[in-house]
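I've put the structures underneath this note.
Shared chain: chain A. Partners: chain B in the first complex, chain C in the second.
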Partner chain A sequence: MIEVKGISKSYGPTLAVDNVSFEVHRGEIVGFLGPNGAGKSTSMKVITGYLAPDRGTVSIDGNDILEAPIAARSRLGYLPESTPLYEDMGVLDYLDFMGRMHNVPAERRRGRIDELVDICDLGRMAHKDIGELSKGYRQRVGLAQALVSDPPVLVLDEPTSGLDPAQIVEIRALIREIAREKAILLSTHILPEAQNVCDRILIISQGRLVGEGTPGELLSMAAGGEQYTVTFKGRAGAELRGALERLPRVSDVSLLSEEGGSRFRLKAEGGADLNEKLFDLAVSQGAKLLELNKTATTLESVFLQLTGTSASGDALHSVQGHDAPAAAEQQSGAAAAEQAKEAGDE
Partner chain B sequence: MSKIAAVWRREFRQFWLSPVAYIVICVFLVISTWLFMKGFFIVNDASMDQLFGLIPWFFLFLLPALTMRQWAEEQASGTIELLMTQPVSEREVVWGKYLSTVTLLAVILILTVPLTLTVSALSQNGLDGGVVFANYLGAFLLGSAFLAIGGWISSFTRNQIIAFILSIAVIFGLIIVGESMVTIFIGKGASWLVPALEYIGLRQHYGSMQRGVIDTRDLFYYVSVIWLFLYLTTRAVESRRWS
Partner chain C sequence: MSAPRLHPAAIIARQELRIALRNRWIFVYAAIFAALTGAVSYFGLSVIEFTGFQGFERTTVSLLNLVLYIVPLAAMLMTVQSFSVEGGATDQLFTEPVTRGEIVCGKLLGVGGAMAWATLLGFGLPAVLIARYAGMDGLSSYLILVLSTLLIAFSFCAISALITIALRRSLRAYAVVLVVWFLMVLVYDLTVIGVSFLLSEGYANRVAFVALFLNPVDCARVGTLLASVGKEAYGLAGAQLVRSLDGTEKAVGLLFLCLITWTLVPALASNRLLARQDI
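On to the complex of A and B.
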């Protein structure tokens, strides 16, 4: 339904999106994941036809976004970043206007808007002005607006940004509910969100696609599987090391320290469970097991590995509450891209 | 067409929801009627010349107030992104927005009709209907040209104050290039420029309609100015995609 072929877009000298290609099919929710300033919003602006790409093509349900813009956009619902809305319009008025823009005939418009007020749980706010609404309700109005023509393709830029945890759960449930018949592309910088909501994840960093796959596939992409940290007491580190290396399906054994016991880190190949084997090893070697700790690979570590910057890792934790206006994002986006590049070089 | 109507409807309602329409109408009617009546009894002549002579200057300051938010507000709040990703062409949005301001201009002019009727009742032979019609048509076309220019300038900025002041400056410039005070000076150096400047001047064509003459050349002039600036606005909005 969404076909993106080799799009690039630069703002002046800054390359914001670099040769990105992917497809989103009907019934699929695809997550666009990346640190701030990675080019998510720019990509979405290009996909929805708000910006023309420097190179590459986008087609929505078979209609090229530049060659047949009206046909393409009439099959598209879009929720831009930070949810711009006409503040001084009433909620119902606004949805009615968007319905008119999509040529929803008058007799169906009324019913469709009632339905959306119901789906998006806007009942109590329906007669208020948009300017009076809280962030959560604005987000719902934005979502209702994108759905007004019941389009087959939805592009949602950070649909849960700035919401409280309860609202996030509701909006996610809503997205999953409407996803069955549609192709949905949503961007996020929150990893659990991508993991929970999306069928497939695209990881973008510095304007490039650096990873793609289902959440499961991405997890297995992370090298080495599970990691164990073990501490033995009573035997010398060097001897234990040899014994550990002889265990089947163990690799990358490293001695971390020998203070108060020998502390090792090792990797299990193919997700093998080593708990019992490590315990048996301690018994057979006549050592005492002080610590046995298993760290599963998380999407977070995959993400950090793929985007290759610790700076973006920090961003991941600190961005939950961000709701900068789109304009500011564009400027700071360029700056962030620069920063990320510098961090990568170091 | 239905998209133009949808945009027109939203924009026109906007004028009344935010009280811009009421304020502009009240200020225009109060000040124009006051200034008109002040001279009316002194001159002791039942004619509308006074009012229609002042109208270009009222419009110069009032109509940019209607157009300043047209694009600037959408650009500042980001709603432009939503609007331009709807299945609607740039031209339809530009026309819808423009026609909403023209409709409000028509409302303002219609509200001066009672004043015209009063003057007509006070005069001995009544007013010349043809002249009054030419006056109104002239004011409507002049105002429509101002609105097209103001809309174009609003498309450059996200700051409404800048759009307002700059619109006044540009319209003022386009008025005075055709005035004799300017053309006399220019005529000394480059006399061949004078007819061109007189043709460009926004008020020259209004002047002949004020005398009751409806000339197709004047109509053509205003329609061309409006068409030109709407075209430029459309291009300005389109060019955003390629920025």
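On to the complex of A and C.
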């Protein structure tokens, strides 16, 4: 449904998006994740045909966005980040306008708008001007306009941006509800959102894709990086440290403190479960085990691993063929490009 | 069978028109226009201690300069507002199944339609009073003024669209259209007169003649005066134009054609520029 092949986009000398490729299939919600200035918005603008790529192609439901832009855009519903709306228009008038733009026949348009007012819970606001609506309701109007032609492809740029927690839950549920028959590309920088809503996640950093996979795949990538925090009492820290370092599949042992017991942090290689071994070690050393905590791997740690380390130029994980170290070489090119564009725009 | 789809440009024009008509500024503009027209007509002869509605012809002449100050400014400011991308609503259009040419065309038609609506209202209401109290004489002059007002509004809408698209951001566009208005409406004539003084008579005539076509404000001014009160009313360039075309009607036609060109050329340039532009 969405096929992106090798798109690149520069603003002047700076490369904002570099050779990005991916696909989104029907019935799939794909999260597009990246820190600010990573090239997310530029990629979304290229995908929706708002910007022309310097290289590469984008196909929406089989229609090339440059060669058949009208056909491609007519199969696309887009919710931009800032939910741009005509402030002086009424909600129903605006949805009617968007329906006309998408060539929704008059006899179907009325029914479709009623349906969307219901789905997006806009009933109480339907007769108000958009300028009078709260951020949450504007977001709903934005979502409703993206859906008005019932397009097979949806591109949602930060759909829960600026919403309160209750509204976020509702909008996420709504996105999941409509996802069954559609291909949805959802840009976000909120990690739990990507984890909860998306079937697959693309991580972009400095203009390049540095990670791709299901939330489970991404989490398992970071497995082996789990950390344990343990506190023993009754033996000297130095002795315990030596014993811990001798344990199989344990690394990076550090003594955190010796007040009220010896507190250690250590890393379990390959995601090994160390609970039993640590308990046995306490028994064998004649020490009391006061604390045993395992820090679970989160998508956040994967994200930081993939994007944070790239900023410092360290080696990155290569996931499903994406060459993350190459992204590191770019330094902060994409961020600089987006900043340059913003500065130029001001 | 479903009704045929309105052309996308017409859909956008309808939307722009609706937005403009929901915006109170267009009513303020229409009201000011009507009040000024009524006031100029009623108090136009107060210097000779006569108050009361003047006829259409005298009102036309009295109103002309006022119209040429106000209309270009209002048209340009409204167009910048419509074409600005900061609000984002224009941004959204670029991702809809519509070409950029249709967006330019639709927006210009919409803004131009709103200006036309306000202009007709502003001229129409006082016209009823003038007709009631001063009679119908000179109505054709008044209608010529309405026509040239519409043409000048469309010209400046198109010029402003080109400026806004070229500059991309509304703050810059507002600043530049104010400068353009100042130059075209206030400075241009003084410059032409100043240059003419420095030249010999033959060259000065040619400069004045050519300068007539290089500014839509002058086209509208001379065209309206020629059509209303004949070649005696407006100076050298107008007289020369009438002489070279062998008739007032042809001269007026050429000037109004020039005004239409001043609409079409910037509109086509806007379309071309936007089509090639990364937003």
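A few remarks follow.
To be clear about the criterion, the second predicted complex is superposed on the first by the 270 of 346 C-alpha atoms of A that agree within 3 Å, B and C clash if a C-alpha of one lies under 4 Å from a C-alpha of the other, contacts with A are read in each partner's own complex, and residues count from 1 in each chain.
In the analysis below, a residue touches a chain if its C-beta (ideal position, glycine included) is under 8 Å from a C-beta of that chain, and two chains touch if they have at least 3 such contacts.
This structure is a prediction, so every number in the text was calculated from the model and none was measured.
Taken together through their common chain A, the two structures put chain B and chain C in a clash. Residue contacts after overlaying the shared chain place A:40 against neither chain B nor chain C. Looking at the shared chain after the overlay, A:51 reaches both chain B and chain C.
Legend: residue contacts after superposition of the two complexes on their common chain; A:182 is shown touching neither chain B nor chain C. In the superposition on chain A, A:86 makes contact with both chain B and chain C. Of the two partner chains, chain C is the only one that A:106 touches; chain B does not reach it. Touched by chain B in one complex and by chain C in the other are residues 45, 48-52, 69-71, 73-74, 76, 78, 80, 82, 84-89, 93, 97-98, 100-103 of chain A.
Residue ranges of chain A in contact with chain C, taken from their complex: 45, 48-52, 69-71, 73-74, 76, 78, 80, 82-89, 93, 97-98, 100-103, 105-107, 345-346. Residues of chain A that touch chain B in their complex: 45, 48-52, 69-71, 73-74, 76, 78, 80, 82, 84-89, 93, 97-98, 100-103, 145, 325-327. Considering their complex, residues 2-3, 5-7, 9-10, 13-14, 17-18, 77-82, 84-89, 158, 241-243 of chain B touch chain A. On the side of chain C, the complex with chain A involves touching residues 2-3, 5-6, 8, 11-12, 15, 18-19, 22-23, 87-99, 168-169, 278-279.
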